[in-house]
Amino acid sequence: MSENTPNKPKIGVYTCHCGTNISSMVDVENVRDWAKEHLGSEGVIVSRDYKFMCSSLGQELIEKDIKELGLERVVVAACSPHLHEKTFRGASERAGLNPYLTEMVSIREQVSWVHTDKVVATAKAKSLIAGTVERVAQNAPLEKLKVPINANTLVVGGGISGIQAALEVANAGFHVYLVEREPSIGGHMAQFDKTFPTLDCSACILTPRMVEAGSNPNITLLTWSEVVSVTGFVGAFNVTIKKKARFVNEELCTGCGICWEKCPKSVIDDVYEAGLGYRKAVYTPFAQAVPKYPVIDKPNCTFFQKGTCKACEKFCPTNAIDFNQKDEYLNVEVGNVILATGYDLFDAGRVTNYGYGRLPNVFTSMEFERMCNASGPTGGEITLRDGITKPQTVGIIHCVGSRDKNYNNYCSTICCMQSLKFAHLVKERTGADVYEFYIDMRTAAKSYDEFYQRVLDEGTLFVRGKVAEVTDAARQPHEKGKLIVQVEDTLIGKQRRIPVDMVLLSIGMEPRADAKETGKLFGISCSSDGWFMERHPKLDPISTMTEGIYIAGCATGPKDIPGSVSQGAAAAARVLDKILQKEVELEPIRASVNENKCSGCRICNNLCPFSAISFMPELGITRINPALCQGCGTCVAACPAGAISGTGFSNEQIFAQIDGILMGI
Amino acid sequence: MSEQFEPVIVGFTCNWCSYRAADTAGTARVKYAPNVRLIRLMCSGRLDPTFVMKALAGGADGVLITGCHPGDCHYIEQNYKALRRFLLLRRTLAGLGVEPGRIKLIWASAAEGLKLAHEINQFVEEVRALGPLNWPKWNDQPAEIDAVKEVA
Amino acid sequence: MATTNRITIDPITRLEGHGKIDIFLDGNGDVANSYFQIPELRGFERFCVGRPVEEMPLLTNRICGVCPEAHHMAAAKAADAAYHVDPPRTAKMLRELLYMGFYATDHTTHFYALAGPDFIMGPDAPVAERNILGVIHKVGLEIGGKVIQMRKYGHTVVEMIGGRKVHPATAIPGGITKILSEEERKQIEEMGHWAIDFAQFTLQAFKDIVLSNKTYLDLILGDIYTHHTYYMGLVDANNKVNFYDGKVRVVDPDGKEFVKYEPKDYAKHIAEHVEPWTYLKFPYLKNVGWKGFVDGKDSGVYMATPLSRLNASDGMATPRAQAAYEEFYATLGGKPVHQRLATHWARLIELLYAAEHWVELATDPEITSPHVHTVPTEKPTEGVGIVEAPRGTLTHHYTTDERGLLTKVNLIVGTTNNYAPIQMSTNKAARHLIKGGKATEGLLNMVEMAFRVYDPCFGCATHSLPGQMPLEVTIHNQDGEVTEVIKQFID
Amino acid sequence: MSNKPKFAMYWAASCGGCEIAVLNIHEKILDVDANFDVVFWPVAMDAKYKDVEEMEDKSILLTLFNGSMRNDENEKIAHLMRRKSQILVSFGSCATEGCVPGLANLFPVNEIMDVAFHTVTTDNPNNILPQTSFEVPEGTLHLPTMNSRVKTLAQVVDVDYYMPGCPPESHQIAAVVDLVIQVLQGKAQLPPKGSVIGAGNSTVCDECPRARNVKMIKAFHRIQEVAPLDPTLCILEQGVPCNGPATRSGCNARCPRVGAQCIGCYGPAEGVLDYGARLVTAFASVVDAKEPAEIESILDGIPDPTGQFYRFNLADSLMRASTSNWKKNGH
């Protein structure tokens, strides 16, 4: 133990091996000894290393030194602060040291994992540690800010994940605003016929949940609605929701359905029926829609377009039709938000060599789901486009738009199982021969692979290879009038031409076209693929970097139904945890104005997007509202008088860190 | 390797995007040049031109500033403010003979570990090409105290 | 008295580096030669390059805190010229009014605090008394109060129009930023009338104390303080003295007009000689040529002081000053006057002119007009601005790029014009007064007076330091031991 | 000699404006005379350098030191005055931050010389430059050596107090004189060592009467393009780069009051590490644009940012001098 240097706080430096993650590329013992020798003059009185600093034993090491050596500052050189800052600040706090007097140095993510020369890496680790030692000496003890949590919750997206989340929160006794863009909740799941691997009827298991959500007194269901603005912060978000005009008075409508019976205008249903079927200009997407109220599709309504008709109005028994209805804007206060905005389907037309849109008997997976559905356009009959002919042979192509660097690199995870489900349905209902064209079979979940076996046993033919082309250009007589699937069978290493009557494209999932905008609206970011980004991909998959904003379901990446449901529930659990704490603790990283130094120049007045900065005309100075301040520090860096200071990242701290980092130079 | 000039670069990263991009790069074991030492700020908007000057005057050969992509800022639009400062700072430093190439502002989202690594490698090469800056350590007072005796 | 081979007349301020004289003696202890050194340079000509031309009135202020107003005006005029813009009449009048306030202050300070003592107290009076306090005691506290009042009034005008007492801020290319209010105008006018009375009183005092005193008169007319050189000064359309604007007129030692040129042509007529033993250059008349530190028609050496301004002009533009001008030449036997000590008298005539013109400008109906600026429309190129600083013709010459950033700067400042004459005057006085290595306090003061007439401002000249320059004469014997130290003032 | 406390005022490389400013406190000068024994003040009295040298160390109570460190002789005197003075005040912009002549640090010192001695009017065919030591027929003449860069007083000796301004405003000087006299009479305490005295600790806007609003600038203008300005509205809001927001208060916003932008002679506000950096960030903050190209074109409205931001402060800035200055000077 070297002696403490006068007027420097007593600092302890703890360097982690992280097993061999760090020590294999950074000479940890060397760093430990160096810190004791060279940083002694900077206040370092103890320097230790340990295999796993984050282990309870590692933490106790720190706590012990704080108590016994009277450490006033702690520096932990280990992994990224985003992983363990809380851990080590917690340890300090337990030992009676203000948590904000402890800092981490990332010598794993920023050193050992990314460099290849041990000498250089060790040197860099030292310089980073020196910087943080200088910085931490300037740290001030801080107290967390507490803000009350509004118990209301906003759930965006009425698919199965959002429904699940809404129900969990509502059933716990707290109010939920469930916002859905479409006229009914249900999402993609409502379009499916069967679900793999159990082959449950999708509607049968979904509808009860929809009804529950629609009837739960704690849930305000806002379909045909969109969120247009979000302000505030965790605990106190202010959300504006646009309720698009339905032209149907929900108070009066009984959902009897006379209006759509009477409506003279049929429209191809691109959404629910995937373009295979028709709906009316006034409609509910499907029979079990929740809520039951229809909407009038303005661009297709004869009255709105031609000024005459009003058939629906005439026949409506309750005078619920209201052509003068306007969009409404609701303002709601919520404490937390769950985003379950789902996914878009890959546009099969983009893969031109598979002929979708050109070759009539090439279908997408969603078209096929509707075709199989008893309430669907064909009443559950599997036929070619003509609506009559039953296919003799069907080819199912996997990974359409997925695992393909021309479209999406990622695996959509559900297509294999979906394709197997299709094979089974085709066999069951038509007895046709089925070919599965796959790259790899991915059936890695509970009783998925068993289902694969079952489909194998049913006699489905599996061809391993990426399909090059689907064509109707016959070369041999037996190919005439057929669709020929050109594929290299990689198992036998041969090019094969397989004639089939029907081709099903197992299309993958894509982020919502407007996911980026949604992200901006709620202040969260998207991954390079465009999916919402988790706070941590492993340890915190349903939180985001923005306090109070949670994500669930396919909005975070391709998932099957159980995955989406569990995430919905998990997100709800997080929200409930926050609500039950009644108040949320915020990082005390805030800006404040020294009013003696502020000249009222108003340079900073245009800088705060959270309107935390306001000018006091009578005093001729500017003030910052700590509750609104998010701690970005932009105004601190902007003040020409140096009158604004920021906790946690003060000039003194950063100046010192720069000096430390450059100490050796 | 040993005889070639190894620039010392101080990097200022925002907590939400680029610092996490560094984490992402690490987790993915992406290898990149060891010359950059990162200092975490909450936001690129926190970047005070003083930091850059202090780094250069303190011996750094270059300064890297990284933030979220325009429009992607965790604090909505503060990275634009960083951009404005950066552009004016670069002009000001040019007047002091600091080549514009020694300070660079790049955008990297939390997901772009690869991009960050690539940008770092590229910037290190650019600064290497410019050569050392070696800003003098102004030996004020203390060093000149002896002069007193000489005068006396 | 021991004989010596070298006398260093060395400002106490030597270590300030503000000018020093070395007088070398021959074997007989007579003066072999003398050197007046200016040991500092700040380099405005270099570091102003790259700056926007509109900043020059602010930057060049800092050349000299004694006459920043002069640099402010010369710079503004050079910037006007560079932008090919003619400021509105009001703007020009405001600049000039500010300048009159400054002149009145500056000339007053010099006469009472610096030169006055020699005449009022007498050249032989003890050093302790030969200062402003001595003067006040002799002429009475009431007058001392007046002197302070005059300085205050002058600075008030500078501050009202320029914003600050020292380093004014308002002159810009195309005019001025300050609009004068009626209240301010009234106040300035009142102070102006007071200034006229003060100037007349001072002239009277000079006549009573100096001109009526035979000894002083002989001294003034004596040969020691006489040099036959060219004289330079700014004149208006009627060849009357003008401080702010006009053409530069040069008369030869016989008083005949040698040349009269537009400011823009200055480089055709002025050149600067370089000596390796000083940081200051020696301007001379290009078309006569540099012949060394010598008098006469064949030597390009010229003088630019109140005396030269009077010599180079045909009179003063205001009635009272004109009368004083005529009396001046009548008394001293016609133009040109070569006796340097007459400069003090000339300075007071200029003081009167400044006060009179001050009132003229303050009472002009347009002086409070809000039309004080013309926005430049042409691309800036090159411009020369010349004003008369109290200590000589001040020339600023700028060349800019098309954005108005300076690419070349040339400055020939007031005192610099007189560097050669000062060197000559020292030399001559020394030769006359130091014989056989003997130097006494009295004689040293006589040398000192040779300087003082020029009121050398080394703030301007060396871009180093203005104001007083205490002298110290150290007399060494042959073994180099100090036998005598005499300390005195030089301003 | 009386036993009143001793007072000295000294100028190094300066313009003399500081002395004039002190003389301009008028009657207060008499207070100085009444309370102090003025032992050294070149501008006002016969100054005896030798007497100063012979004084006991610390025998001068108060020295107001103005002027920057341009050559070796400036530095020698600085060390002497430090030794002899109990309280050494860095007086005025030159001593405190280098002032306008500090802009010389943008260039190598030999270039300063070359340019000065090769102007359009200089007749110098043989390339003669001043020599620090030169043989004339009668003997040797010496000139002081210029420093490679302009330094502030505090960069050469330990300084007790700083008094900013070019020059310090007379009312501020008078206030400081009062303070010191009160301290002598035991009626007041000296501020802590290292304090800035005779100035405010906010910035010029604090004293500026012009109305200010939220600032969003679409274009910067040079004063001659827009003068006369609206006399009631913030100058920066009118697009003219005014250094007021970053410049220490104390001058009573004199320049803005007469329609001119603040040029920054009072230097940085309390606790600011680099003055220019404050202006970079301040001006950038009011630029109303998001696209790099548009931002750049707006910034073109500030044609000389380095000169604009370091007009008075370069010698005391973090960078101190430009590469062309120190590289040529063999760093």
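Each chain gets a letter, A, B, C and D, in the order it is written, and its residues are counted from 1.
In the analysis below, a residue touches a chain if its C-beta (ideal position, glycine included) is under 8 Å from a C-beta of that chain, and two chains touch if they have at least 3 such contacts.
Just so you know, these numbers come straight off a predicted model, no measurement behind them.
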| item | value |
| --- | --- |
| Chains contacting each of subunit A and subunit D, listed by label | B |
| Selected pair, greater C-beta contact count between C-D and A-B | C-D |
| Chain whose average C-alpha position is farthest from subunit D's own | A |
| Between subunit B and subunit A, distance of the C-alpha-averaged centres to the nearest whole Å | 32 |
| Rounded Å distance between subunit C and subunit D, as computed from the means of their C-alpha atoms | 25 |
| Between subunit B and subunit C, centroid-to-centroid distance (C-alpha), Å | 53 |
| Chain centre separation (subunit A, subunit C; CA means) in Å | 80 |
| Multi-partner residues of subunit C (each touching 2 or more other chains) | none |
| Shared-contact residues (touching 2 or more other chains) in subunit B | 48-50, 54, 77, 81, 85 |
| Sequence positions of subunit D contacting 2 or more other chains | 76, 80, 106, 273, 278, 281, 285, 304, 307 |
| Pairwise touch network: line, ring, star, complete, or other | other |
| Chains that touch, pairwise | A-B, A-D, B-D, C-D |
| Parts of subunit C lying in touch with subunit D, wherever the complex brings them together | 6, 12-17, 22, 24, 32-33, 35, 37, 39-52, 54-55, 58-59, 61-66, 68, 79, 83, 127, 131, 148, 151-152, 155, 161-167, 169-170, 172-175, 177-179, 266-267, 270-279, 281, 283, 286, 290, 370, 372-373, 375-376, 397, 403-405, 408, 410, 412, 459, 463-468, 470, 487-489 |
| Subunit B - residues contacting subunit A, complex | 8, 10, 16-17, 19-20, 22-23, 25-27, 29-32, 34, 37-43, 45-51, 54-55, 58-60, 68, 71-72, 74-78, 81-82, 85, 109-112, 117 |
| In the complex, subunit B residues that touch subunit D | 48-50, 53-54, 56-57, 70, 77, 80-81, 83-85, 87-89, 91-98, 134-136, 138, 140-141, 144, 147-148, 151-152 |
| Contact set on subunit D toward subunit C in their complex | 10-21, 23-24, 26, 42-50, 70-71, 73-74, 76-77, 80, 99-101, 103-104, 106-107, 111-113, 115-117, 119-124, 128-131, 134, 136-139, 141, 143-144, 146, 166-167, 169-170, 222-229, 231, 254-255, 257-260, 263, 265, 303-304, 307, 311 |
| Subunit D - residues contacting subunit A, complex | 201-206, 212-216, 234, 236, 244-246, 249, 268-273, 278-279, 281-282, 285-286 |
